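In what comes next, chain A is part of two complexes: it sits with chain B in the first one and with chain C in the second one.
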Partner chain A sequence: MTESNVALVAHLMRRAGFGATRSQLEEYVDKGYHATVDELLHPVDPQRMPDEMIRRYHAEQSGMMGQNSPGAYWLYRMISTTAPLHEKIALFWHSVFATGYTKITQGKVLIDQIRMFRRYGLGSFRELLVELSKDPAMIIWLDNQDNHNGSINENYGRELLELFSMGVGNYTEQDVKECARSFTGWTIANTEYMELRARRDSIWPYGRIAWHFEYREEDHDDGEKTFLGETGRFNGEDIIDIICRQPATARFISRHLYHFFVADEPPVPQWPYTPPRDPAAIETLSRVYFDSSYSISAMLEALFKSEWFQSKETWFEKVKSPAELVASVLRLTGEFERPRREILDTAMHIVYMGQHLINPPSVEGWHQGVEWIDTGTLVERVNFASKHLGNLDAPGVRAIVERIKSQLGPMISPERLVDGCLDQMGAISVSPESRNVLIQFASEQGDLTVDGPDANGHVDRRVTDTMQVIAATHEFQRA
Partner chain B sequence: MSATRAETAFLSYQRTIGLSTMEGRGFYYPADTAIGADEKLYVVSRSLEGDARGVRVTVCNPDSEYFGTFASSGEEDGQLIWPTAIDIDPDGRVFITDEYTNRISIFDTSGDFRSAWGVSGTEEGQLDGPSGLVLDGDNNVYVADHQNHRIQKFTSDGQFLLAFGSRGDGEGQLNLPWGMTIDGQGDLYVADWRNDRIQKFAPEGRFLATYGSPGRGDGQFHRPASVAVDPEGYMYVADWGNERVQVLDPSGAFVTKLRGEATDSVWALDFLRINVEEAEARARANLEPKMDFFDDDPHDESSHIEKYFWAPVSVKLDSAGRLYVTESNRHRIQIYQRG
Partner chain C sequence: MSLANGNRALVVIQLSGGNDGLNTVIPYNNELYYDQRPSVHIEQGQVLRLDDELGLSPALGPIKRLWDQDKVAVINGIGYPNPNRSHFRSMDVWHTAETDKVGSEGWLGRAIRDLDPKADNVLTGVNFGRGLPRALACKDVPVASVANVETYGLLPDIQDERAKALALKAFSMMYGGADGKDAVAQFLSQTGMNALKGADILRTAPAKYSSTVEYASTPIADSLKNIAQVICADLGTRVYYAQHGSFDTHAAELDSHAKLWKDVSDAIGDFTDDLREHDREDDVVILVFSEFGRRIMDNGSGTDHGSGSAAFVIGGPVQGGMYGEYPSLKPADQLEGDLHFSTDFRSAYSTILEQWFGLDAVPIVNGTFEQLDFIRR
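Take a look at the complex of A and B:
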C-alpha cells in the first residue's frame, strides 16, 4: 500500500461519499481503486441506521409534518450508510431538480422525492425523468396540477427543458408549449384537497396525508404536437424520449455531473455563454451517456476512473456543501452511533451554513462552489467542525487520538503531530503553506510527550487542538 | 378460536378521539395513554423536537370531553423532553418516563408535579433510556431500561428492587424493550422491540414464555411497541413496525389483526365545521386510494391512507373491554370494543 494510493482513494471518497477514516481508506486501497469505484456504484448489502430505529426516537422524523425533520433524517443516512454514493447522488439530483418546502408544506412528500432520487438516480436518465414528472412534490412545486387540456400551464414543461435536461438555447417557445401539452393530465390524486391543505399548511385533523401521482386521461391533450422537430400525438413519456435523444441533454447532464463531482463550473444560467472548464471531459461523458442508453452510473464510472478526475489538480478544489461538510465531520467523530436528540440541532447547522435541505432557495437550487463561503458561513463552518473534532467523548475523535498516541509516541514532534492528524482525519494532503501554519501552531508547545499518565488530559487536548486548527484549513473545508 | 371468526367478531371499531394540535385540546405525536378513574384518559404527547410547545399530558375521556393539560417541555421539575410511557396508580399518581433525561416524573391527576427520580447509568438502579413503564398491584414500578436491555423494578419513590434481562435474543434476553403490561397474576409482558416478540416474565423476573417471531405474517411481529392483556389472557400487541394491532390467544396463537379504521373524531368534526372549505374538499376526496408502493413497508401505505394506523405506539385496555390504540403519527386514539 502506498501513501499515494491512500491519498487518491481519499479523494474519491470525498467526492463520491462524505470522506472516510484512515482505517476505512486502507480497506478501500486493499480492494483497489477501480474495485472501490465499482463497489460505490453497485454496493452489495449496504448497511445504515435502520429507518425504524430513527422513527422510534424521533416521532417527527416518522410523521414528517414540518420542514426540519427531513434534513435530520437524511443526515442520519449520510453519516451511517455504507453506500455513500446513494446519498451523494440524491444530494446531486436534489440540487438539480430543486423542490422546496415553502410551497409543498410537508416533509413526507419531499423525503419521498429524495427516496426516488436514491432509487433511480444512478440508473437510466430517461427513467429518472419519467419518475420526476410523476413525482407529487414536483407536480405541485411547478404547478402541473394546473396544466389542463385546453388550458396549459407551462411551468413544468419549461423547467423540464431549461433546468432539468437541455438548458436554454436548445428549444423554442413553441417547444415549451408542446411539452406542456404533452404533460396535461399528469397530476396528483385528490388535487383539490391536497392543494388546499398545502396552501393552508393544514395538519388537521390527523397530520399530513402523503401525495401520490394520478394520470387523468380525460384531462390529457391527445392531439398532435410538434416537439423539437418531431411530430406525433405525444404524451409525457414520448417527450422524455425525444429529450433524452438530444446531444444538448447529454452535454447538460455531463456538465452537471462534472460540476458536482469534479470541479466547479459557473452557475447554470451562465452555461450558454461560458464554455465548460474541460470540454474534452464533457465530450467523454456525453459519449458514455449515449453508449450506455443514458445510464448515470455508466457516466459516473467513466468519470471516477478518468485521469482528469484522479488528477491532483482537482483535489481540494471543490468547496464542500454544508451537508457534505457536516456529514464528513460526523462520519469522523462517530457521535451518532445510535439515535440521539442532538441530531436535530446538529442538522440545523447545515441550514445555518446556507443549505436548508428540502428547502432550496428556488427552482434553480443552490449556487455551489465558492458561493457557499461568505464571512458568516465560513465562521459557522469552522466553528462547527472545530467543536465536534474537539469532543473527546466522541468515539471517532477518541479513536484518532489513541491511534496517534500509540503509533507516533512517546515523543511526537510538531511536524509529526500535524502530519499524523492530517493522515488520521482522512489522508488530507495540505499545501506547504497550510502545513507550515499548522506546524507553527503545534510548535508553540514544543514536542508532545505521551509517555506516562495523562492525568489532566493535556496530551489528548494537544491532539484535538491540532485537529481543530486543521478544520479551519482550506483543504479541510474542501473536497 | 378460529381466525376467521375472530376477524369479524373479536374486536369491533367504536370511534376515534383526537386532533393534531400543538396546544390545548388535542394531541401532538402522542406516545402513550393511561386510563385513570372515571374513564379519564391521560395522553402524553412527545411533540416536535426543537419546539417547546406540544409536550404535554392531555386529559380527556372516550366521549371526547376535554379536561385540560399539564406538564411542559424542558428538563426542570414537571417538565419532559422525550416522554415515552405513562401509568397511574390507585392513589391518582401519574408516572411518566422520559428516555432523554432518564427520569421518572410523578404528577397528581390535577397536573401538579410531585416528584421525580432516576439516575443515568448502567449500574443496577441506574437508567439508560427508560421507555415502557407499568405499575404492579403493590404500586411498585417496572421500567423498561431499554438501552441497558433490561427491566428494572423500583418502589414508587424510586428505590431499586430488582433487575433482569440482558442484551441478546435468547429466552429471557432483551433487545431495546419498549412497552409493558401486567396480567391478573402479576406476570409481566414485555414488547421486546428489536427481537420482534413478546416475552412473559414472572414478577421476580423469571422467564415464562415468548410469543411471536420476526415478520409480517399472522402472528409475526415487526418491532412491537406495546402489549395489553385482558382478564382471559388474550394479548393485544401494537405491532408498530407492521402498522397494525394483533391479538393472540393465551397460548400465543394468532386470533385477529387490525389495520385501522379511524373516522372523524368529535374534535375533528368541530374543526371541519368551522373550516368549511377544507371540509367540502375533504368530503370530495378519496381517502382510501388504491396505489402501488415502492416496497412492502406499511409505513408508506399508512402515510397515504388516513384511516389506517400510523405508528401505533400504545395499546391499553379498560375495565369495559375497550381497546385504546394510540397512534403517534396520526395524533389520535382509535377505540375498539371486545366482542
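Take a look at the complex of A and C:
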C-alpha cells in the first residue's frame, strides 16, 4: 500500500461519498481503485441505519410532514450507509431536479422523490425522466396538474427541456408548447380530496397524505405534435425518447455530472455562453451516454476511472456542499451510531450553512462552488467542523487520538503531529503554505510526549486542537 | 436629519408563524369581531384603546406607551394579492417581494447592496439568529449572522484560551494573503478575512456599551439588546434582523399569544428606552411584520391560517397613526373566511426604502407601490 494510493482513494471517497476514515481507506486500497469504483456503483447488500430504528427514536420521522425532519432523516442515511454513492447521486439529482418545500409544504412527498432518485438515479436517464414526470412532488412543483387538454400550462414542459435535459438554446418556444401538450393528463390522483382536506386543514394545506400519480386519458391531448422536428401523436414518454436522443441532452447531463463530481463549473445559466472547463471530458461522457443507452452508472464509471478525474489537478478543486461537509465530519466522528435527538439540531447546521435539503431556493437548485461561501456560512462551516472534531467523547475522535498516540508516540514532533492528524482525518492533502501554518501552530507548545499517564487530558487536547485548526483550513472546506 | 445620514438604521422584527392581527389590533367596537370570535377574543374592557374603533391587546403595553408618544404607525390590512396560507411560501413572498414566482434575492439583501455598493463594510447588514433569512440573501452581499454578539466569532469551541488565540492567528495566516492562489482560494481567503474582521469588530461592541436599561431574559430581548450594543458601537450597520415565534396559534391562543406579544413588546419598549438613553432614538426605525394573519372565525381554542394582518413601524422618526384601511369583517366581504388585504406590504417596504434610506425602491421591491407617509419629514 503506497501513500499515493491512499490519497487517491481518499479523493474518490470525498467525491463518490462523504469521505472515509483512515481504516476504511485502507480497506478500499486493499481492494484496489477500480474494484472500489465498481463496488460504489454496484454495492452488494448495502447496510445502513434501518428506518424502523430511526422511527423508534424520532416520532417526527414517521410522518415526515415538516420541513426539517426529512433533512435529519437523510443525514442519518448519508452518515450510516455503506453505499454512499446512492446518497450522493440522490443529492446530485436533487440539485438538478430541485423541488422545494416552500411550494409543496409537505415533506413526505419530497422524501419520496429523494427515494426515487436513489432507486433510479444510477440507472437509465430515460427511465429517470419518466419517473420524474410521474413524481407527485414534481407535478405540483411545476403545476402539471394544471396542464390540461386544450388549456396547457407550460411550466413542466419548459423546465423539462431547459433545466432537466437539454439547456436553453436547443429548442423553440413551439417545442415547449408541444412538450407541454404531450404531458397533459399526467397529474395526481386525489386532487379533489386534497382540496377538500385543504379547506379543513390549515396546517398542511396540501393534505397529510401521500400523493399518487395518475394518468387521465380523457384529459390528455392526443392530437398530432411536432417536437424537435419529429411529428406524431406523442405522449410524454415519446417526448422523453426524443429528448434522450439529442446530443444536447448528452452534453448537458455530462456537464452536470462533471460539475458535481469533478470540478465546479459556473452556474448553469452561464453554460450556453461559457465553454466547459474540459471539453474532451464532456465528449467522453457524452459518448458513453449514447454507447450505454443513457446509463448514468456507465457514465460515472467512465468518469471515476478517467485520468482527468484521478489527476491531482482535480483534488480539492470543489467546494464541499453543506450536506457533504456535515456528513463527512459526522462520518469521521462516528457520534451517531445510534439515533439521538441531537440529529435534529445537527441537521439544522446544514441549513445554517445555506443548504436547506428538500427546500432549494428555486427551480434552479443551489448555485454551487464558491457560492456556498459567504461570511456567515464560512463561520458556520469552520465552527461546526471544529466543534465536532474537538469532541473527545465522540468515538471516531477518540479513535483518531488513540491511533496517533500509539502509532507516533512517545515523542511526537509538531511536523509528525500535523501530518498524523491530516492522515487520520482521511488522508487530507494540504498546500505547503497551509502545512507550514499548521506546524507553526503545533510548534507553539513544542514536542508532544505521550508516555506516562495523561492525567489532565493535556495530550489528547493538543491532538484535538490540531484537528480543530485543520478543520479551519481551506482544504477542509473543499473536496 | 438628512437622507445621507449614515446612521440611519432599520431593525426588522419578524413574527414567525402568522400573527393573529385581529387579536393584536382589535376592532373592539365591532360586534362582528365578537360574533366570529366566540372563544378567542380580547374583552372590550381589556383593550388598550388607540381610537374609537381600534385598540391593542393588553400584552402590547409598551407599544401603547410609544403610540401615546406618536411613535407608532399601525399598518392595517397589510398583505398581498392571492394570499398563500402556507407559512413557508408566504414568508418567502415577504422576504423576496415576489408574489407570483419563487424569488431568490431578498429585499433587504438588495437594500444592503444599494446602501453599500462596494461592500466596504462587512457589517452593513447583521442578522441576529442562525442561518440567513432569505430577506437578507443577495449575491456578493456580506451579511453577518450572529447568534449572540458576546460569543460570536470563529473557533469558539477551542476551549483553552491560549490555544484559541493561536488557532485564530493560524486562521488569519491561512486566509490572509491571496497571492499565488487559485480563484477559489482567493475567494475563500477574502471571505475568511471578512468573517474574522466582522467578528473582531462585533466583539468590541459589548465592551463599549453600558446602559441603565435592564432587558428581560427572552430571546427577542437578547437580540434587541445585541442590536442596541451594535448601534451604540457605531459600526456602520444599517440593517438589523431578528425574529420571534412561533405565532402559529392553532390552539390555546389566548395564553400563548399574550406571552409572545409580551416578550416582543417589552423588548421593543426596553430597546427604544435604551436608544433614547444613548441619544440614538432618531436614528432607528423598527418594522414588525408577520407572514400572514389568521382566520376570522376561531376554532374554539385557537385560529387557523388566514390573510391580511397588521404590521407596525415604530421609532423616533416615525409619524404615529393609523395607516391603511382596517379590513371589513362582514361575511360578504371576506376572502374564504379571511380578511382581504387593503395595503400591499411592498408599500411599506417602498416607504422605508425611499423615505428612510433614500434608495430607489422600484428595483428592490419589483415595482411601484403607493407610499405611506409614516416617516416624519
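Note that the second predicted complex is superposed on the first by the 464 of 479 C-alpha atoms of A that agree within 3 Å, B and C clash if a C-alpha of one lies under 4 Å from a C-alpha of the other, contacts with A are read in each partner's own complex, and residues count from 1 in each chain.
Criterion: contacts are C-beta pairs under 8 Å (C-beta built on N, C-alpha and C of every residue); 3 or more make two chains touch, one makes a residue touch a chain.
All values reported here derive from a predicted model rather than from experimental measurement.
Student: Can A:Glu237 be said to touch chain B (first), chain C (second), both, or neither?
Tutor: neither
Student: Contacts for A:Asp219 in the overlay, against chain B (first) and chain C (second): which applies, first, second, both or neither?
Tutor: Touch partners of A:Asp219: none, neither chain B nor chain C.
Student: Between chain B (first) and chain C (second), which, if any, makes contact with A:Val319: first, second, both or neither?
Tutor: Touch status of A:Val319: second partner only.
Student: Based on the superposed arrangement, let me know which partner A:Asp51 touches: chain B (first), chain C (second), both, or neither?
Tutor: first
Student: Once the shared chain is lined up, is A:Leu196 touching chain B (first), chain C (second), both, or neither of them?
Tutor: A:Leu196 contacts chain B only, not chain C.
Student: Looking at the overlay, does A:Asp454 come into contact with chain B only (first), chain C only (second), both, or neither?
Tutor: Once the two structures are laid over each other on A, A:Asp454 reaches no partner at all.
Student: Looking at A:Val370, would you say it contacts chain B, chain C, both, or neither? Reply first, second, both or neither.
Tutor: second
Student: Who contacts more of chain A, chain B or chain C?
Tutor: Higher number of touched chain A residues: C.
Student: If I apply the document's touch criterion, which positions on chain A are contacted by chain B in one structure and by chain C in the other?
Tutor: Shared contact residues on chain A: 202-203, 205-206, 348.
Student: Would you pull the chain A residues touching chain B in the complex into a rising list?
Tutor: Counting only chain A, the residues touching chain B are 51-52, 55-60, 62-63, 65-66, 68-69, 108, 115, 119, 189-190, 192-194, 196-197, 200, 202-212, 338, 341, 344-345, 348.
Student: Quick check: in the complex, which residue numbers of chain A touch chain C?
Tutor: Going through chain A, the ones touching chain C are 67, 100-103, 105, 199, 202-203, 205-206, 264, 317, 319, 348, 351-352, 354, 359, 361-364, 369-371, 373-380, 382-383, 386-387, 390, 433-434, 437-438, 440-441, 444, 461, 465, 468-469, 472-474, 477-478.
Student: Looking at the complex, which residues from chain C come into contact with chain A?
Tutor: So the residues of chain C in touch with chain A come to 85-89, 92, 102-104, 122, 127, 130-132, 134, 137, 139, 142-145, 153-160, 163, 166-167, 169-171, 173-175, 183-185, 187-189, 191-192, 194-195, 198-199, 250, 295, 304-305, 336.
Student: Taking the touch rule as given, give the residues of chain B at its contact with chain A in the complex, in rising order.
Tutor: Of all residues in chain B, those touching chain A are 18-21, 29, 31, 46-50, 81-82, 99-100, 147, 176, 178, 193, 222-223, 225, 241, 262, 264-265, 267-268, 271-272, 275, 277-278, 281-282, 284-287, 289, 291, 294, 297, 299-300, 303-304, 306, 310-311, 328-332.
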